[in-house]
């Protein structure tokens, strides 16, 4: 296989790129269905896709309701966390001491499964409240947004800063005209990571007890009464929810900065 | 600095206890203020001193040992998951780098899977425990936790390694290997892998965190005995009578995460020791 | 040996042949290079000189015509490792120390550890960098990295050396120094060299013949023989004969293409 591609690669039409993933996906589903029949998989192990789809169609109300509960928790936490994260990022950019204090904490917390704090939160609020979960999502999202936006505010190209200083611009003006625009792509990178994280956290928080209306608890409950195909249907709902959140943030990114800025690649925390 | 940060957090906690409403309250009409009483929010020193006392009245040995035991159990699972997930991820990345068809077919799913809460499968996978038999092998419940950790760790490793294997060696280096009439295998081991290491390290960091999350979630969603997740659930139930107890397990879970992160940091040091210092990289 | 080191006969290279967007990179190339010669390819950007080098290296295949290296097909020559190559970027592997970088082609040939190490040190002596054997590439300057790349290209003692603007990224003073070093090294190893460059003085200083190419589609317009003698040094660049040759090449570059297919071969 030559390294130098001598214009031999066909400039294929767009569906040339589409058929492998579609073929692979469709093939997997067919294989799955067949395997269950041929190897006689127990339903508690792996129900066939047809059964899962069946459950999904039969219980749209239940699935939708559970999705709404989890989804709402995720959404509220996402918004609150984003606002909080941005606000604190501004504070960090302004106060050096705060920055030095918070950054090592953020780095450490990144590695730690902080969602276990929901157990603590549940005790701090009433047992039927959804607040512990929302609080948890807020924290998780907040950290992601904080780390990225802070980096965006901080890592402005030195030549730009020099230029602003040569105009004798105030710190506030520098903030507005150089730092904030620089930080916008970082914000979107953060949101693209935070959106799925919000859904996951909302989910996982339900395993710690409290109200049992969300997707996470429904899945566990379905397994407990041996209705695994239903559980898988809820999983499907969860995946769709997560995907939707992600796509919305991608859409927001495109809307906010068509083409140019959005095309820049930045590493997320 | 880090210690100072921890102390500040503790100070904020105590401050809230001092000024916060004992039974929770409303802010802007929303019930979002937590209860500040000693049951809901034990004092920081209570949390710390709790480590010295035993788990249950009458039991011997401090709770510290119990909690560390739980963390150690979970750590082994997380580590197993991390290793499994990393090896599979690297294997798949090599396959995708070798055969473009495989890359085009699988990569979109790998990328999407990072946006989708695969963790929802946790309870399902754990439920295989004790019920699934393959040949003479009965699936132990703990294996589910490790498999989940591996499953979550696999995706970032596969994506990161693929990116490293394909984009890190520049076209010039690939041309060089071509001029040597080097086989694909030689090029893989002498060029692509070493060049990919700087891309794999961040992926490993994600994988370490993911494996911990996978294991802990598996434990808490089904109460898998032995691990720190189960301890958190158990102790949380006793919160009214023994409020500080749950914190001992929470801190242990945090330690678990830090140990895995430390492991990857060591790998980072070892793997990058011959490389140019980061400042010199473009 | 009267056999040609490189022979290119009736060669054309068209990218995307037969499709919209096809590009005629090279047309009607005929070139014979004798062992021991130092031949430069020079021409405006896009004239195909790098493409031609890659055709000799068998990193590309010709559309028509043939390329022979050492009497064999270019492909066989590549498989037999009959040439070494150096590029504009030194392209050293940053995770290997200098000696191990030089050993790379020898590893691929299956040489054992001791033999590789000995040869690598030999080559580093040749390029005057033996004390840097255990250093890492990023610790060396650009010029030094290029010297290591040249050592690597010559490690297996290939009869032919192909170079694609290897000094392009260096500053002027380092560049002139490297040119002298290259002549010395190739003289000592009696290597045939095909050298692509943008720089007229560089081409004249280094070569026994300068092949001038036209803009796309690239053809050979003139071949300028350079007879400044085998021993060239710092004084050569001040020699009036040098300036005359530089002018000759410059004018050839400005003139319209007149391909002389029966250019007689001169002794170096």
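Order of writing sets the chain letters: A, B and C. Residues in each chain are counted from 1.
The rule is simple: contacts are C-beta pairs under 8 Å (C-beta built on N, C-alpha and C of every residue); 3 or more make two chains touch, one makes a residue touch a chain.
Every value quoted in this text rests on a predicted model; they were computed, and no experiment measured them.
Asker: In this assembly, which chains make contact with subunit A and also with subunit C?
Answerer: Neighbours common to subunit A and subunit C are B.
Asker: Does B-C or A-B have more contacting C-beta pairs?
Answerer: A-B is joined by more C-beta pairs in contact.
Asker: Roughly how far is subunit B from subunit C, going centre to centre by Cα mean, in whole Å?
Answerer: One centre to the other, that is 52 Å.
Asker: Return the distance between the CA-based centres of subunit A and subunit B, expressed in whole Å.
Answerer: Here the centre of subunit B sits 16 Å away from the centre of subunit A.
Asker: Would you mind listing the residues of subunit C that make contact with two or more other chains?
Answerer: 59
Asker: Where in subunit A do residues touch two or more of the other chains?
Answerer: 2-4
Asker: Tell me, which residues of subunit B touch at least two other chains?
Answerer: In subunit B, the residues touching two or more other chains are 175, 178.
Asker: List the residues on subunit B that touch subunit A in their complex, please.
Answerer: 1-2, 4-6, 8-9, 24, 31-32, 34-35, 39-41, 101, 104-109, 112, 114-121, 123-124, 127-128, 131-132, 171, 174-175, 177-178, 184, 202, 205, 208-209, 212-213, 216-217, 220-222, 229, 232-233, 235-237, 239, 243, 246-247, 249-250, 253-254, 256-258, 260-261
Asker: For subunit C, which residues are in contact with subunit B within the complex?
Answerer: So the residues of subunit C in touch with subunit B come to 57, 59, 78-79, 81, 83, 85, 87, 89, 91, 93-97, 104-105, 107-108, 136, 138.
Asker: In their shared complex, at which residues does subunit B touch subunit C?
Answerer: Touch residues, subunit B against subunit C: 170, 172-173, 175-176, 178-182, 186, 190-191, 194-195, 197, 274-276, 280.
Asker: Taking the complex as given, what residues does subunit A use to touch subunit B?
Answerer: Those residues of subunit A that touch subunit B are 1-4, 17, 20-21, 23-25, 42, 44-45, 100-102, 104-105, 108, 110-117, 119-126, 129, 131, 135, 192, 195-196, 199-200, 203-204, 207-209, 215-216, 219-220, 223, 228, 231-232, 234-235, 238-239, 241-243, 245-246, 267.
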